[in-house]
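Look for chain A in each of the two complexes below; its partner is chain B in the first and chain C in the second.
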Partner chain A sequence: MKRLTGLLLVAASFAVGTADAQKKYGPGASDSEIKIGQTMPYSGPASAYGTVGKASAAYFEKINSEGGINGRKITFLSLDDGYTPPKTVEQVRKLVEQEGVLLLFGTLGTPTNSAIHKYVNAKKVPHLFLNTGATKWNDPKNYPWTMGYNLSYQAESRIYAKYLLQTKPTAKIAILYQNDDYGKDYVKGLKDGLGEKAKSMIVAEASYEVAEPAIDSQIIKLQASGADTFFNVTTPKFAAQAIRKAHDLGWKPLHILNQVSSSVGAVLTPAGLDKSVGLITASSYKDPVDPQWKDDAGMKDYLAFMKKYFPSADVTDVFNAVGYSTAQCLVHTLKQSGEDLTRENVMNQARNIKELQLPMLLPGIKINTSPEDHSVLSQAQLARFDGKEWKLFGEVIGGK
Partner chain B sequence: MDALLHQVFAGLASGGIYASLALALVMIHNATNHINFAQGEMAMFSTYIAWSLINIGVPYWAAFVATIVISFFAAAAIERILIRPVEKAPVLTVVSVFIGLLLILNSVAGWIYTYTIKSFTSPFPSEPPFGNKFVSSHELGAIAIALFVLVAMYLFFRVTPLGLAMRAAAENPASSRLVGIRVGWMLALGWGFAGAIGAIAGMMIAPLVYLDPNMMAGIMLYAFAGALLGGIDNPWGAVIGGFLMGVLENVVGALIGTELKLTVALVLIIIVLLLRPNGLWGHKVVSRV
Partner chain C sequence: MNTTNKSQLLIALAAIAVALVLPFVVPDYRIFQLTMVLIYSIALLGLNILTGYNGQISLGHGAFYAIGAYTAAIMMDKANAPYWSTLPVAGVICLVVGFLFGLPALRLSGHHLALATLALAVALPQLLKYKHLEHWTGGVQGINLLKPDAPFGLKLSQDQWLYLFTLAVVVLMFVLARNLIRSRVGRALVAIRDHPVAAEAMGVNNAMYKSLTFGVSALYTGVAGALSAIAVQFVAPDSFPLTISFFFLVGIVVGGVASIWGPIFGGFFIQFAPNMADYLSKDLTGAVYGVFLLLFAYVMPTGVVGFLRKLASKSA
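Up next, the complex of A and B:
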């Protein structure tokens, strides 16, 4: 009798949904394993970002020790590309063609991802949750297999534009930007966000090349334009120079600093904390040093996780929270993929994330994706520097 | 007008930066007839040595002098160990060694000190001198030190027997050896002096642009351009070339637009070099065959 019920149950489960119950595997997936590939700058000029990959690896270790994803252990192959695009191509081909990974996850850097963009789409390998803010990753028509993760540069700029339109509609804006895709993305976002008023509000623009030793000349030019708002789109070294020079010139505009250079330790401290008071930036993450999250459950979990699985890391470094959150986003996608671990289905699930809230993202920030929209993080909150730390203010603002 | 004047002064300040590194290039060129592509990275590394010394509590000027001495011996040692074996090799081999040295110093600095920028102490007061608003005390001090190095270097090559021997060794090693000059040691000395001058340049530059392993990449480009513009074998020419470079670039940036400032400045230099291939104040080199 018992055996008969068992048989019936098996039969019933087949009848309910063959698609659901039948296990389907793409390359790199099996009953016991899911193979994931990544490239990271563990060496070279961008190696400070390498901790993102290490934090993700630590999170997968935690998932594995808790039984894995639907019983499958994650094998995470995170390779060093030294932030050099040719090396990225080499490593990604190795991951796809030799290791046969199911997907690529969290590959870091704009030039590096640009180098593999066409290749992974031609090979139809999911290229998920890239650690870069370029806007071009959200192009599902031409690159259906690629999906960024960070708040895009343009979305961030649109958030600043919304803020300015609301609080300072008569602002005279001066922009300093790096003369490349990154800088131009920010400028475009601001102009789009200001819309009609962009022409009248933006009074001066100056660019610089990465090879330039100093940007004093640009700051003098911007100050001379009579602007009362300064949009600072620069990488850390130049950001520190700009903050210091503006202060030394006695120029006191409303100073908006892009997220790229908002690190207190790496930018504001060298520039001078007293010279940085009043800076404004946007943030999507809870800052581990901000006392307001002291009793927050998500923060407590994060700190406990870091202590157990990544004790050598600097918990105040927000890059660790980024690695942790992107890994959570991937685990969510893989769980949602159920027993169908083909590349097609994983990509489909990544395109259908609904209202996902992650513990280290600011309250109110939700992740929503769709087949037409491959942007993952699209909201942030503004913060003002008080001489010691960034203080959040206002509401979470959407950048779409 | 005020803004333009401001640009000129800012240009002089960055010109001082280019000039000080250009001097190191002239030094090594006059002493060895080579152009050392790793000069900037050597200066960067020296600056890190100074930074480490200051960080463990050594007073600024003591660290300054110690760094110059260490850099002198380190650069001389590099010549003895790395350059000596390729002394007679074709010029391309030597260039490869220089580029290798550049990459090694850059990576080792990144490995030891990380790529995060560090602020570097200035020995000069933080308030601008005489209450002016155009130039900071450090910029003025750095220019003064560059000019001091220039005069010292000029006198060294002109007046002292050692300077004469070094020039002779670079220009005609065989004859120099015949009159009793130890050519090998002259080359090492030349490297040592260039290393020391580079160290001074690095310590004057770092407070302005922040210290990081890639600090010199852009500056080297401008220093080269300045040195070639003024004449790579003439310290005066190289310094004036450096200042010209800084001012030209800023004024072009202010008048035409910041996107074109580097391009226009470099195009002007190419035009000058087409008309005067040895630079504005360089000496014509005539070889008898």
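Up next, the complex of A and C:
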């Protein structure tokens, strides 16, 4: 008996010992805390996006009030960078070198993240779930510590390409795009998605500069090409002009509008709701104003969360759903990291998210990452505008 | 050398001594912030020569800052030029651009000049994205740079070295500015500001002096821009929003208009006031910043330097 107790004691102490050995901490992590850093445009030209950071902060507050992640509270340091790259560099250095955060999360903006891209990878700090749609964040070979979050522009384009190949393989496509990286990303995605058929299907391309006052001549040119499908890659002001002009010319193509400009209030209303009927776009999120989610559990949770933790916000603003969802994705990653909260392990777990479904994403959308694939959101569903709202149709389509 | 000069020299030497010790007692990230303070102070000194001493208002100095930054970035990225060699080039380019811009623009005065310079600041970020320049400027993606290592095998971190390098440039630029202001030229500048007709009557070529001042002012700001590109290791059109021109103007007023020391304090304000505002409230960063400005306007109407002078004269 004595011997048995002794053995048990040895075994028990061994078990305790291994449990202790499994607890591993990188900078910013301890028994009681996980420190997370972020930069956000709370001031400056892009301050409308600041609500993304506030919604994430509210979600972490909820997690903390429910006991934290495996007993550890999240300390979320979200700093203002005014959407200016020099300030982003300064704030990120503060977070990494002074505050010693475990990781950077949801930093917003393409130019701002470009400025810290090399730095965070040289420092080997996880740079997770960036709020930007550029494709370049999915480059694990050169930048193994960076991982975007949004559906990338190219992935969105490939979704449209798949849809066209399936439903309208003889389409004659005309493209209008903004002449910068954003526009070119979309065009590249469409051509990649169409593959060999790109040459025969795309009959006309026209571009415009952001500084141009109007794009009427481009629309006239595209119509004259005889195209029956119009891929509209424009930012809100130009999108409204293009919809109106195409309608006024009597051009009635299958009109695909990029997600960037799918806002009913900011684009379709000024263009004319009647003129927007039949437009097609892609979406990954449940729209809080769409009545079909009235009784959806995920939507109900979201609305209850917003009411309790972020009551001053506009629940219909999809940016809040984005901040909420990215935060959930991070909490999932940290839970999966278990007791090994080193930067290496957190990054490994971020690279190994399998079949994750988030409540505010459309049903059927799953997050899958791997060491070779750093894209997080890669699926969307198409929606058609009926004169009042976007109506989802078809299946969820993958853009990989 | 009279007593004021002597005490000024002592203060300057003490300030330099403190500045030399700082990078060895604070962490790298703080050194980076202090480097930015020094860089801003060079830009502010340039604007102060124009606005403080010559009485011309520019809302477009952010454009010269950007031109300087892009000069450095393109030279380092495309031609592998050493970082230090970019400063004189950036300075000369801005001098020429500033002078040429000054020639016609300075026929305008007061508010009209301010508008013309504003046009420059508004136009520049878009020009940087222009497709025929994209090969050089990198378009909206901008240009990433590498930070220089300390030379001669010195055991300094990159941040420490760049800080000390910037400090040397600051001292040089401040000494040159001080000598310029105290020379015949400086007196002519002030005369033009205070009484242009009288200055003209005394034989000062107003138009020429004003254009040259604009050029020299742009030179200072361009050198600061080049240093900022090296320190931040990145330039993009979004790095130079319109607000940066306003921040410069705010900086010289807060520091003290028409003072050599003012730009240092202005540099601290530009660097740290937004951080303080963010720290105090995320929802009202703009409003908090506005309150800071109002406080300065009421408590220190002549800037930090004017306030210190008043204190000194009271205690004396």
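FYI, the second predicted complex is superposed on the first by the 379 of 400 C-alpha atoms of A that agree within 3 Å, B and C clash if a C-alpha of one lies under 4 Å from a C-alpha of the other, contacts with A are read in each partner's own complex, and residues count from 1 in each chain.
Quick note on the criterion: a contact is a pair of C-beta atoms (placed from the backbone, for glycine too) under 8 Å apart; a residue touches a chain by one contact, two chains touch by 3 or more.
Predicted model only: the values in this text are computed from it and were never measured.
In the superposition on chain A, A:Ala266 makes contact with chain B only, not with chain C. Touch criterion met: A:Pro45 reaches chain B and chain C at once. Judged by the touch definition given at the top, the superposed model places A:Asp248 against chain B, while chain C stays out of reach.
Of the two partner chains, chain B and chain C are each touched by A:Asn179. Applying the stated contact rule after C-alpha superposition, one finds that A:Ala211 touches each of chain B and chain C. Shared contact residues of chain A with chain B and chain C: 44-45, 179, 209-211.
Taken together, the chain A residues at the contact with chain B in this complex read 44-48, 179, 206-214, 216-218, 220-221, 224, 236-237, 240-241, 248-250, 265-267, 269-270. Those residues of chain C that touch chain A in the complex are listed here as 27-30, 32-33, 36, 126, 129-131, 139-142, 144, 228, 232-239, 241, 243-244, 274, 277-278, 282-283, 285-286, 289.
Listing the residues of chain A that touch chain C in their complex gives 42-45, 50, 53-54, 78-80, 82-87, 89-90, 93-94, 96-98, 109-112, 114-115, 117-119, 179-182, 209-211. Interface of chain B with chain A (complex): residues 2-3, 6-7, 10-11, 13-14, 17, 110, 114-119, 133, 136, 205, 208-210, 212-215, 217-219, 221-222, 249-250, 253-254, 258-259, 261-262.
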